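Each of the next two complexes has subunit A plus one more chain, namely subunit B in the first and subunit C in the second.
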Partner chain A sequence: MLIAHLDPLASSIFSLMAIASLVLAFVMLGSRWLNNYLYAFAAESWMIAVLSAVVGYYGEYPEFYLVAILTAFFRGLFLPYLVWRIIRRLNVAREIHEILQPSSALVVGAFCVIFALVVAYKVGGSLGLAGTVAVLALTVMLSMNLIGFLMLAVRHEALSQILGLLVLENGIFLGAQILVPGMPLFIEIVILFDLLIVVACFGVLVQYLVVHVGSTSSLELKRLVG
Partner chain B sequence: MMRDIILQACQVLTVLIFAPLLQGVILQFEERVQQAQGPGIFQPYRDLWKLFHKQIVVPQTASWIYWIAPFVAFTAMLTVPFLLPVLTDFPLPLSDMGDILGGGLILTLGSFMIVLAGLDSGSAYGGIGSSRAVMLGILAEPTLIVVFVGITLLAKAMLPFVVNHLLVANPSVYWSPAHLFLIAAFFVLLVVETDRVPIHSSTHIEIYMIEEARILEYSGPLLALLKWASMMKQFILYTIFSNVLLLPWGLSQKGEALGIVGSIAALAAKFLVVAIAVVFTETAQSRLRFYRYQELLAASFVFAVLAIIGTQLS
Partner chain C sequence: MTGALLLAMMTAPAAAALACIVVRRPRVVELINLIASAICFGCAVPLAALSASGPYHYWDGYIVLDMPGSWVLLCSAIVYFLASIYSVGYMRLLGEDEKLWNFYTLFAVFALTVLLSAVMNNAGLYWIVIELTTLVSTFLVCFERVAESIEAAWKYIIVVSTGISLALLGTVLFYWAGSLVLGPTYDMTWDALRGAAPSMNAPLATLSFLLVLVGYGTKVGLAPMHTWLPDAHSESPAPISAMLSGALLNGAMLGIFRYLTIADAAGIGGLARTTLVAFGVFSLLIGALFIVRQSGIKRLMAYSSIEHMGVVALGLGFGGLLGIAGALYHMLNHSLNKSLMFFGAGNVMRSFGTKDISGIRGVADKFPVQGALWLAGAVAITGAPPFGLFLSELVILRAGLHQSYIWAVLAMLVLLIVIFIGFLNHFRAMYFNDGPDDMAQPRQLTAWCVAPMWLALMPLLVLGVWWPAGMWDHFMAIATTMSGAKP
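Up next, the complex of A and B:
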């Protein structure tokens, strides 16, 4: 296993990258403007791409360089571009009706991180990985998932929901890279195409909302059948 | 032993004497950023001198709290430097009176008395100032506690001297994410506690004043004491930020006279760096609505929590 015997430099680089992506998740959680939200997501994806390149370098997995390029291209450029196109067409610049203020959301997110840390401690301890970068990776993964769910719960602009979903997925991907770096390339490509489909579906949903409901807030979706 | 006692007195005197200078430098920088001439860096000394020669006017509604608050605040600020590495990086006599939490307690006692005095004076402005200060305090305190917990986890101790030695000795700890996040979180607290959040103006008589509103009813020597106490609080917080967290180098290690002079010079250089950063944060952006103060503190809280996460690795 890679994480059990890492040299200190590698583990500090890993932790820096992981924490930097967590900070970017918080930037997304705290931003009011959809554009900032999107830029933070793109930056986070680039951070994860660099992380996979570093994991590939230290763990000697040559296929990870390809994963890094795919991640940077797909998550860092292509998906943000698609979402940006939707934003541009919609004239929705910001979240208008907030369920939770950005600052309160930040604090709730911080508590999610504490919860994730406790869980990661238990899991890491029972696996005999306490004190390694694995605990950090688990914490970051779990807290990015919780933050993603939080975004899905407290924002109801349809675009924010796409981004929340993407953050959730980024978190899983980040954790998987550090914890189980032997993941086959094939699965990675499948996941990327899944994401593409998610964004495309949401694009259709947003169009539907605009045409039939006249707004892009998912709160307007009240009826089960059209 | 005698030398250590003299050094401890020097620490307190440094805080007492140079606090107005720091305030003057910051105000002068702010004026220069706004392309104004500025009153010069020695203006706070002249203000204090003027106030000490004025008459005291007391509101009719004021009780004894109004009288003791300036003295308690001033004494509290004279006590805290005992606990801190202001000039030397080794503990001096009486520095074992309390740890970081103890210092925080005494600092808070000073602000607490000023809040009470603001309410006691019976004026509407005092009430507004006190309620705003308490609101900010309620939000800043938990973050402060989390920062202290982060420091404790990082250094396995709550004494500022231990933290200082650890950071000087281990560059890997200095550059660890935990420490960098602690710096970020504490910087926000520093800006909030020294009343330089870009949500209001620190100049006198303005609608968004916080600290100034609490002492609006004071005059003469009492006002001078309160102003001096708030300048000393700023100096103390700058000391904690730069000597314990941000720039732990350049303190006297042996306690000789030359070293003390050198560490005062180093302190001036460090404070200049921090002051420029603070002035930049305060003036670079446009003023925000008052009710956005909590976003800043929420971000600070997040940084502190992330720092704790970071300490779990090392």
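Up next, the complex of A and C:
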């Protein structure tokens, strides 16, 4: 297994990338402006792309260079570009419907990380991996998931919800690369494309939302209840 | 033989989708889709029988035809066939002829993804196929392009994609747990996972299983992850509601079943089962509460789907021979019955021009034949004899008593009775209450809309009085090979 015998430099780079991604997730959580979300998301994707390349180098998985290129291109450039186009066309610059102030959301996010850390310690401890980068990867993976959920829950702008979902999947992607680098490559590629389809679908749906519901806020979606 | 049948079954909807894009003439695309669904149904029946001598692996082991898979395949193919017949009549009522090719293309692709999900042998690919079913069906849900259906589609894709991403997380963690046993790279087939399960780390396997359960549970519509289901099922065109409810939910339930057998092998079966039973009871509770106070006719059916998925979850959770047999039998019965109910709901909705139960009155007088069929279906779906669901629910109750889940059995009994009363009370109102005098005369329906109701009700009646021996053997084989239950 890769993470069990890793040289210190690789382990530090892994940790750095994982933590940087987590910090960027917090940047998204603490911001009101949709454009800032988007830049943070793109930066996060680049971190993950670098991570892929590093995993490929140290783990001797040459196919990970391909994953790195695809990640950088799709998640770092193409997806943000698609979302950016939607933002421009819709003319929504900022989140105005949040349930939770960004500052309070940050505090809740911090609790999410603590919870993730506890779970990761427990699992890592039972596997005899305490103190390795595996625990950190699991923590970041779980906390990015929770932060993604938090963003979905407290934000109502359709685009924030899409970005929340993307953060969620970024977390899984990041964790998967460190924990299970051997997981067959084609699945990762398919998931990349799958994400692209998701965003395309969302784009179409957002258009419909504007045309038929007259708003992109999910607060307006209240016809179907009970 | 099985390979050829399976290939024919998957090619038919794929070819139909392509043909629909090319041809685009409304009457022709109807026919193309109908033929494809008939081929699927024709292949599914022998496949279910042939799978007993399997499992058969194809394409380097990425595709598997095993007994539970072939069973779900059969259920889905039946619903696809019935829904295709019905959609010929129903979609003509909508008067959207120019968009019809669009509908049938998506319909065929949706059917393809649902069918594929039953034969995926790789846990990762299974996840991808389930995600694809969501993406395709989203556009079917919002086919009518009114504000309500767009809202339903949005909620559907957001809630289900989020839920299913938890299943992805669970899948990755399962791969990790497996990689500590099998080495860093291996094919993540169900058999490989089950083989590695006894040496898996228990806390990690538990975490993975719970994530997978919540993830696929979202897709199955287990409460409290069910919130997308009533919206999507009530706003999509009626044939699609039937597909979502009768075919798609089973496809996702199959994943839960497969992971449950892995959890059993990993020695965490007790916790896994209790969680599933708890979800099942909670689904029944939510179903009961919302059925009693429901005002929309298709939402009524949707909550009934949540209820029945709860029953299937209870059957799988109880486990043992009876539990698994009851759950699988219930899947088939529910597929038939819920198709019937959605067809009937679509019919009255179109002929009375409203989705509200309060706007539908005097069905018994206005539609003697179709009304009688629908009423029989309503009696059946509440679990009354002599229909199939009575039998399967009884078997599941017995399984619960065997496995000493007394609390769950009691809750299930009480809630089923509440649902029986609540559900049929709505039907009493629709059938025997007189509407206002100025009510418009309902539109008459073609045979396309009524024939599939007959086709769904008859087998339901037969299955209620006669449990074919071959079917029982099939269930026994599944229970003994997959989860090691002792006869």
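Here is the rule we use: the second predicted complex is superposed on the first by the 223 of 226 C-alpha atoms of A that agree within 3 Å, B and C clash if a C-alpha of one lies under 4 Å from a C-alpha of the other, contacts with A are read in each partner's own complex, and residues count from 1 in each chain.
The rule we apply is simple: a residue touches a chain if its C-beta (ideal position, glycine included) is under 8 Å from a C-beta of that chain, and two chains touch if they have at least 3 such contacts.
Here the structure is a predicted model, which is why all the values come from computation and not from measurement.
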| item | value |
| --- | --- |
| Clash or fit (per the criteria above) of subunit B with subunit C on subunit A | fit |
| First (subunit B), second (subunit C), both or neither touched by A:Leu205 | second |
| Which of subunit B and subunit C A:Asn145 touches, first, second, both or neither | second |
| Centroid geometry (CA): angle subunit B/subunit A/subunit C, rounded to a multiple of 10 degrees | 140 |
| Which superposed partner A:Leu179 touches (first subunit B, second subunit C, both, neither) | second |
| Touching partner for A:Ser218 - first (subunit B), second (subunit C), both, neither | second |
| Subunit B versus subunit C as contact partner of A:Phe26, first or second or both or neither | first |
| Touch count on subunit A, higher of subunit B and subunit C | C |
| Least C-alpha distance (whole Å) that remains between subunit C and subunit B when both complexes are overlaid | 20 |
| Residue ranges of subunit A touching subunit C (in the complex, touch as defined) | 1-2, 119, 122-123, 126-127, 141, 145, 148-149, 152, 158, 161, 165, 168-169, 172, 175-176, 179-184, 187, 190-191, 194, 197-198, 201-202, 204-205, 208-209, 212-213, 218, 221, 223-224, 226 |
| Subunit B-facing residues of subunit A, complex | 8, 11-12, 15-16, 19, 22-23, 26, 30, 101-104, 106-107, 109-110, 113-114, 117, 121, 131, 133, 135-136, 139-140 |
| Footprint of subunit A on subunit B - complex, ascending | 172, 176-177, 181, 294-295, 297-299, 301-302, 305-306, 308-310, 312-313 |
| Subunit C - residues contacting subunit A, complex | 124-125, 128, 131-132, 135, 138-139, 142, 145-148, 150-155, 157-158, 161-162, 165-166, 168-169, 172-173, 175-176, 179-180, 183-188, 201-204, 207, 230-231, 234-235, 290, 293-296, 299 |
